[in-house]
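In order of appearance the chains are A, B, C, D, E and F, and numbering begins at 1 in each one.
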Amino acid sequence: MGRIDGRKNDQLRPVKITRHYIKHAEGSVLIEVGDTKVICTASIEDKVPPFLKGSGEGWITCEYNMLPRATQVRKPRDISRLKIDGRTMEIQRLIGRALRSAVDLKAIGEKTIWIDCDVIQADGGTRTSSITGAFVALVDAVNKLHRHTPFEVYPVRSFVSAVSVGIIKDTKVLDLCYLEDSTAKVDMNIVMTDEGEYIEVQGTGEESPFSRKDLDELLVLGEKGTKHMIQIQKDALKTDCLWIGTGAGK
Amino acid sequence: MGRIDGRKNDQLRPVKITRHYIKHAEGSVLIEVGDTKVICTASIEDKVPPFLKGSGEGWITCEYNMLPRATQVRKPRDISRLKIDGRTMEIQRLIGRALRSAVDLKAIGEKTIWIDCDVIQADGGTRTSSITGAFVALVDAVNKLHRHTPFEVYPVRSFVSAVSVGIIKDTKVLDLCYLEDSTAKVDMNIVMTDEGEYIEVQGTGEESPFSRKDLDELLVLGEKGTKHMIQIQKDALKTDCLWIGTGAGK
Amino acid sequence: MGRIDGRKNDQLRPVKITRHYIKHAEGSVLIEVGDTKVICTASIEDKVPPFLKGSGEGWITCEYNMLPRATQVRKPRDISRLKIDGRTMEIQRLIGRALRSAVDLKAIGEKTIWIDCDVIQADGGTRTSSITGAFVALVDAVNKLHRHTPFEVYPVRSFVSAVSVGIIKDTKVLDLCYLEDSTAKVDMNIVMTDEGEYIEVQGTGEESPFSRKDLDELLVLGEKGTKHMIQIQKDALKTDCLWIGTGAGK
Amino acid sequence: MGRIDGRKNDQLRPVKITRHYIKHAEGSVLIEVGDTKVICTASIEDKVPPFLKGSGEGWITCEYNMLPRATQVRKPRDISRLKIDGRTMEIQRLIGRALRSAVDLKAIGEKTIWIDCDVIQADGGTRTSSITGAFVALVDAVNKLHRHTPFEVYPVRSFVSAVSVGIIKDTKVLDLCYLEDSTAKVDMNIVMTDEGEYIEVQGTGEESPFSRKDLDELLVLGEKGTKHMIQIQKDALKTDCLWIGTGAGK
Amino acid sequence: MGRIDGRKNDQLRPVKITRHYIKHAEGSVLIEVGDTKVICTASIEDKVPPFLKGSGEGWITCEYNMLPRATQVRKPRDISRLKIDGRTMEIQRLIGRALRSAVDLKAIGEKTIWIDCDVIQADGGTRTSSITGAFVALVDAVNKLHRHTPFEVYPVRSFVSAVSVGIIKDTKVLDLCYLEDSTAKVDMNIVMTDEGEYIEVQGTGEESPFSRKDLDELLVLGEKGTKHMIQIQKDALKTDCLWIGTGAGK
Amino acid sequence: MGRIDGRKNDQLRPVKITRHYIKHAEGSVLIEVGDTKVICTASIEDKVPPFLKGSGEGWITCEYNMLPRATQVRKPRDISRLKIDGRTMEIQRLIGRALRSAVDLKAIGEKTIWIDCDVIQADGGTRTSSITGAFVALVDAVNKLHRHTPFEVYPVRSFVSAVSVGIIKDTKVLDLCYLEDSTAKVDMNIVMTDEGEYIEVQGTGEESPFSRKDLDELLVLGEKGTKHMIQIQKDALKTDCLWIGTGAGK
C-alpha cells in the first residue's frame, strides 16, 4: 500500500529554494518542500551575547515562528498568550545548534548571525525544511561579509541539511507530510553534513517504542534523504557561491 | 524636481494582488505595492467575543505584524519583549475598523473573521496595503461561506481600499515609499469606499502643522489613489467573485 | 431636536483648568470638561531615549491611563491582564505626537518630558481633554526650566488644543459627551494650533462612511472648538506665564 | 525638639474626607491627610472568586496604586515593567484584610466589593490613609445596596481606621509624613475598630530592633490616632449614613 | 483540650537544622520544623542594586517559593501565571527585612547576599521557618567570606529567629501547624534578636479583632518561642562558627 | 587515561532513590545520581486539558525546574525574567513524552498526572535523572489510584529509564557528570524500556559531527546504562509495588 501522495518510501517531496527572497536581509531564502513553505533570513549583527563578549568568537541564534494561518486551524500568536510555546522553543534551539555545528564561530569574529525561520504554510517537516533553507540563507550572508572583507578562514565548514523519517504502521518512510506525520508511530529528525556525518539525531516513539532494527533502517533512510537535500542546496548555490562544501568530491 | 523612483506625484507604485496564496485559509492574498509585500489571510471562527454573545452579530478583528527582517534593520519580535509595540496596535485597530465599516455584521451572524496581515517586506505604506489586500481576502472568505450556505443579505456592503498621501518639502504626493515617508512633513492615510465616501482619515503633522488648503489637496490626491486601488481590487476579484461592489456604475 | 444636555451644536461643555494640582510634578493640571476629569502632569527627566543619545535633541512621551472606576463599569487595570489595551496605546501615541509637534525639541536639549494623563472620571472626550490639559502642564514645566536656566529659544512654538466632533443622526456636534459618543455614526478628533493649523485630524466612520461635505462641516466645527479651547488655555496661563503663543494677535 | 511641621507628637495632620467624589462608583471618597491624597472607590460586582462560588459568601478585594507623579521622582507604571512591585502587593493585601475583617461577608451574599485606592499625591501614610478612606467608600457602597434591597443583617460590623506611628531618634510620633518616615528607625501601622480592638499590627525595626517598652508606647499612640480617625469618619458619614458603628457609645 | 499533635501551648515542634545542604551555595541549610521543610541558601554576588552603587554598602534580598507539591493541593508555578502571587511577595519582603536588620550592610561592602527559601514541604509556619533557617545559611556565607578576607567589623550584629503564634478558639498557642493555622482567629509572626528585641511584629485578626490583652499574651509566647529557636540556631552553628551572637550571655 | 571520578567508561554514578519523600504528593521521589539531586512528584488531577475533554483518555504532563542555587552560579528564577528558558522547555517536553509513552492513557481515564521535577542540586544528567526518578513517582501515584479503585488494565505498560552518554576526546562514556559534559564533543540522551526498546534517542554533535560508528557505540553504552537504571528502579519499587514490569523475565 503506497503513500498518500504516491511517493516512494525513500522519496522527498518536490523541493524549491528561492534565494534573495527578502531584499533587506543579508541572506534570505524561500524554501518549499511540497506544501511546506518557510521564509528563512540570515541577519548580521555586530555584537555578541554577553557570554561571548571579548572572546573573539561569533554566535548563531535562531527564531522560529509560524504565521497564524500557516496551519489548518488558526493558531493564536505567541504574543497574545505572552508565551512562546514549548514546541517552538524546541525547534528554534534545534535549528540554532544545527547551524552552529557547521560554522567556525572563531572565524566569524564577534558577530551574531540571526536566523529567522517564518513558516508561511505548514504541511509537515517545518523544522527540517527550516534547517535546510536557513543553511542556504546563512551561506549567502557569510558570502556577503566575505565579499566585503574576506575572512582568513572561510567560516562555513560543511553543508548541513535535515530531513524527517518515520514509521507509519510498519513502513519506514522519508519526508513525512502532515497527514503522514499525524499517524506515525515513530518520528525522527536527522541532520547531517555533506561528509555523511551526524549533527543531530532525534527519534521519538511517543506512540510506541521502537527497536534497534527500526532505528537502523530509519538512519539509512535519513542518510539518503539528507544527501539528496544537500544536492538541492548545492544546485541552488552554484550560480554565485564562493564555496561548495568539503564533501563535494566524496 | 521629481520623485525618487520617477513616479508622477499622483501615481501609485505597481500593485499586484495574488489570491489563494495560503492553502489553509478561507481567504488569503499576497499584496505587493512596489517593494512592500504583505500576506493577508481571513479566517472564519464560529464564535464571537464575549461582548457579542447572544447578539446575533458577527465581528471582524485584525492582527498586524512584521517579520523581523521585513525592515532594513532586524526588528526584535514582540514576544521577545513581551509587548506589542504601540505602532502595531494602532495599525491593527485601524485595519479592523476599516473592514468592519464595510461589512454588515448582523448579516454574518455570530462568527468572527480574523484578519492577519503579516508584512514580509516593508517599503512604506504597509498599513494601507494591508487594508487593500485584507479586503480581498475578506471577500474570498465571505464568498466561501456564501457558497456553502448563502446569506440572506450579502454581508459586504462596499469595496474598501486605502492609500497614503503626504507632503514632501512643498509637494503633495500619493503612495509614499519608505524613503519618501521618512522625509515627509505631513503624513496622511485615507480609507475610502467604492462610493467615494470616507471610512477613515488620519493626518498627522508631527514635523510641522498643515493648513486647511494642504488638507484639501491631500484629500483630492487620496481620493484619486483609493479609486485606482479599488479598480485593482475589482480586477483581482473578477474571475470568480460573487459580488462586484455597490459603486460599480458610478 | 436638541442635545442631551441642552447645549448648542457648536458649544463646548464647561471647561475648568486647575494648575499646580500635584505638588511634586514640574507641571500639573486638573482639567475638567463637563464630567470628564483628567490629571495631567509633566515631569522632566535628564536623559533621552537611546535613539536620541548624543543628538542634542529632547523628547516628549506620554502615558495615558484610566483609573479603574473612571467608567460606568469597573475596568480591570492593565497590569492585571499584563497588557496595555490597544485603545490606550492609540491615545497615548496621539497625545505624544500632538505635543511634540508644538515644541522645538532641539531647543529643549537632551531632556525627556514625560506627560502622564490619568483619567479619574470619564464622560467622553478623554483623549482631547488630555491633550488640552497636558499642553498647559507642559508649558508650566517648560517655564520652570526656563526660570532656572533660560533657554536661548523658548521651546514651545505654538498653543495646541484638541476637541472631538461627530455626527449624531444627521447633526454635526462639537465636544461629544459619552452618551452622544456612543450613538455617533462618525467620530473625529481634531488637534490645532493657535495659528489655525492642523496637527492631527482623525475621523472614523465605523458605523457608516461619510461624505466630503460631512468632513468639511466637521472641520469647521472642530476649528471653532479648538479656538475656544485655546482661549481657555490662555486664560488659565495668563497669571504667571512666560509666553502667550504665536497666534495671539490673529 | 519639635516635628518638621510643628505638630505635637500625638497629633494627626489635617484630615479631609470628600464623599461621592467619582460619579460612577457605588462608593467613592477623596481622602486628604496632610499632603497625602488618595481616591478610594468601592465597586460592586455580582460574582465572587472561584473559591467562594456556591458558598453564599461575599468577598472584598483591594487594588492599590500610585499615579506615576504622586511621588517626588516619577515612578514608572507597573505595566511598563510587567510587574506589580512587592510594596504595592503588600499594601493592597493589608487593605483587603483590614476591610474584610470589619464586614460580615455572609451577610453580603455572593458579591465582590472591589476597593480601588489610587494615590494621586503621596506624602507618607498612604496605606493607612487608604484604609481610612476606603472604609468610608465601602460604607457608602453598602448603603447603596441596602437602600435598594435591605440586608437582613447590616453587613458592616465595626468602624475601621488606620494610622502610622514610629520612632524618630528617640521620640515616638503619630502619623508620620514622608520626611519623618524616611528617617524613622521603627515604623508601625495600626488598624483598629471603633471598639478599640486590633485588626492589624505591623511593626518593623529595619534600621534597628525595638524593645517591648517601645512597642507598648507605640501601641498607645496608635490607639489614640485611630480613635481620632474614626471620629473623622463618623463626622463624614453622619449626613446620610444608615449606620453609625458599634462602638458609638463607648 | 489539647493541641492536635499533643504539644503544650508554648511548645515548638521538633526543629532540625542541616547545614551545608547544597554543595554549590556559599551557605545552605535544610530546616525542618515539624513537617515543614525549607531549603535556604545564601549566595554572594559581587554587585549591588542600582540604588546602592558607589555607596560602599551591601544588600540582602530574598526570594521565597514553594515547590508545586509542597502543599496538599498542587499549586501552579508562578511562571505559568506570569505573576508572583501577593502572599509570596509579602513573605519574601518580610524575610529580606528581617535579615537586613541583623546585619551591618556597611561592613559587608558592595556585595549582595541573595537568600533563596524554597519550601519543599509545607505544614504551617513556612515564613518563620524560612527566617530562622536563612539566618544560619547567611552566617555560613558570611563566615566563608570572612575566612577568605576577614572583615574589619564582623557584619552580623545579632541572631535573628522567628516564630508564629496565634489564637485558636480562646487558647493562645506557639508555632501553629497548618491545621491549627487554618482555624486560628488571630495569626501573628514575631521576629526577634538574641537580645530580646523585636525586629518585626505582624498580627492579623482577619477572622475577628483582638484585644490589647490578647496581644500582650501573644507577645510573651512569641518571645519564649524565638528564644528557643535562637538556642537551636546556636547549637547548629557551634561546631565551626566564627561568632556566637551578642546576646549569648543573657 | 581515566575519568575524573575514577569510574569506568560504562559505569553509572551511585544512584539512590528515596520514595515517599514529600508527604502531600500521590507519588514522590528524591533521586540522587552522584551529586545530582532531583525531587520528583506525581500529582493526580481529576480533569484533562481541553483537547482531551470527553475523549475518555488521560494525560501526563511535566514541569521541570532548577532551584536558583542548584548550580555553581545562582541562576535567576524564570518568574523574574517572565520567561521559561528554552532549555527548561525542551527538557520538560522530553520528560512528558518519555513517561506518556510508557503508560496506557486510555486505561487511566480522564485524569491528568502532573509530574514535577525540581532539581535541588545539579551535577550533570538532570534530565535523564528526572525521567528515571519521575517514573518511580508515577508508579507510586498509579498504585495509589489502583489500590483505591482498581483499573481494569494496569495503566503502566513498561519501565522507563534514561541515561546520558557522550564522547569526550575520543572516548565514549556513560552518565556524564557536569565537568565531563562541559567538555564532551557529542552528547546523547537515551530513554529505553525494560524490553530493550527505544522511547527517545537524542544525539547532538554541536562541537563536531559524529559518524555512524560513533552513534552505534553510544547506543550500546546507552542500552547498558538504561538496563542498570531499570534494575535500580525495580529494587526501589520491590517492597510494595503492584507491578514489576513487562520485561522482567527477559
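Structure notes:
The definition used in the following text is that contacts are C-beta pairs under 8 Å (C-beta built on N, C-alpha and C of every residue); 3 or more make two chains touch, one makes a residue touch a chain.
If you're wondering where the values come from, they're calculated on a predicted model, not measured in any experiment.
Between the contact lists of chain D and chain E, the overlap is empty. Steps from chain A to chain F, taking the shortest chain of touch contacts, total 1. Among the remaining chains, C is positioned farthest from chain F, on the basis of C-alpha centroids.
Think of it this way: of A-B, E-F or A-F, only one pair shares over half of the D-E contact pairs by residue number, and it is A-F. With centres taken as mean Cα positions, chain F sits 60 Å from chain C.
Here the CA centre of chain C is 34 Å from the CA centre of chain D.
Shared contact sites, meaning residues of chain C that touch two or more other chains, fall at 82-84. All chains form one closed ring of contacts, and listing them from chain A in the direction of chain B gives A, B, C, D, E, F. By the touch criterion stated above, chain F contacts chain A in their complex at residues 82-84, 86-87, 89-90, 92-93, 97, 100-101, 158, 192-193, 195-212, 214-215, 219. By the touch rule above, chain E contacts chain F in their complex via residues 22-25, 28, 35, 39, 41, 43, 45, 63, 65, 67-72, 74, 77-80, 82-84, 114, 116, 118, 120-122.
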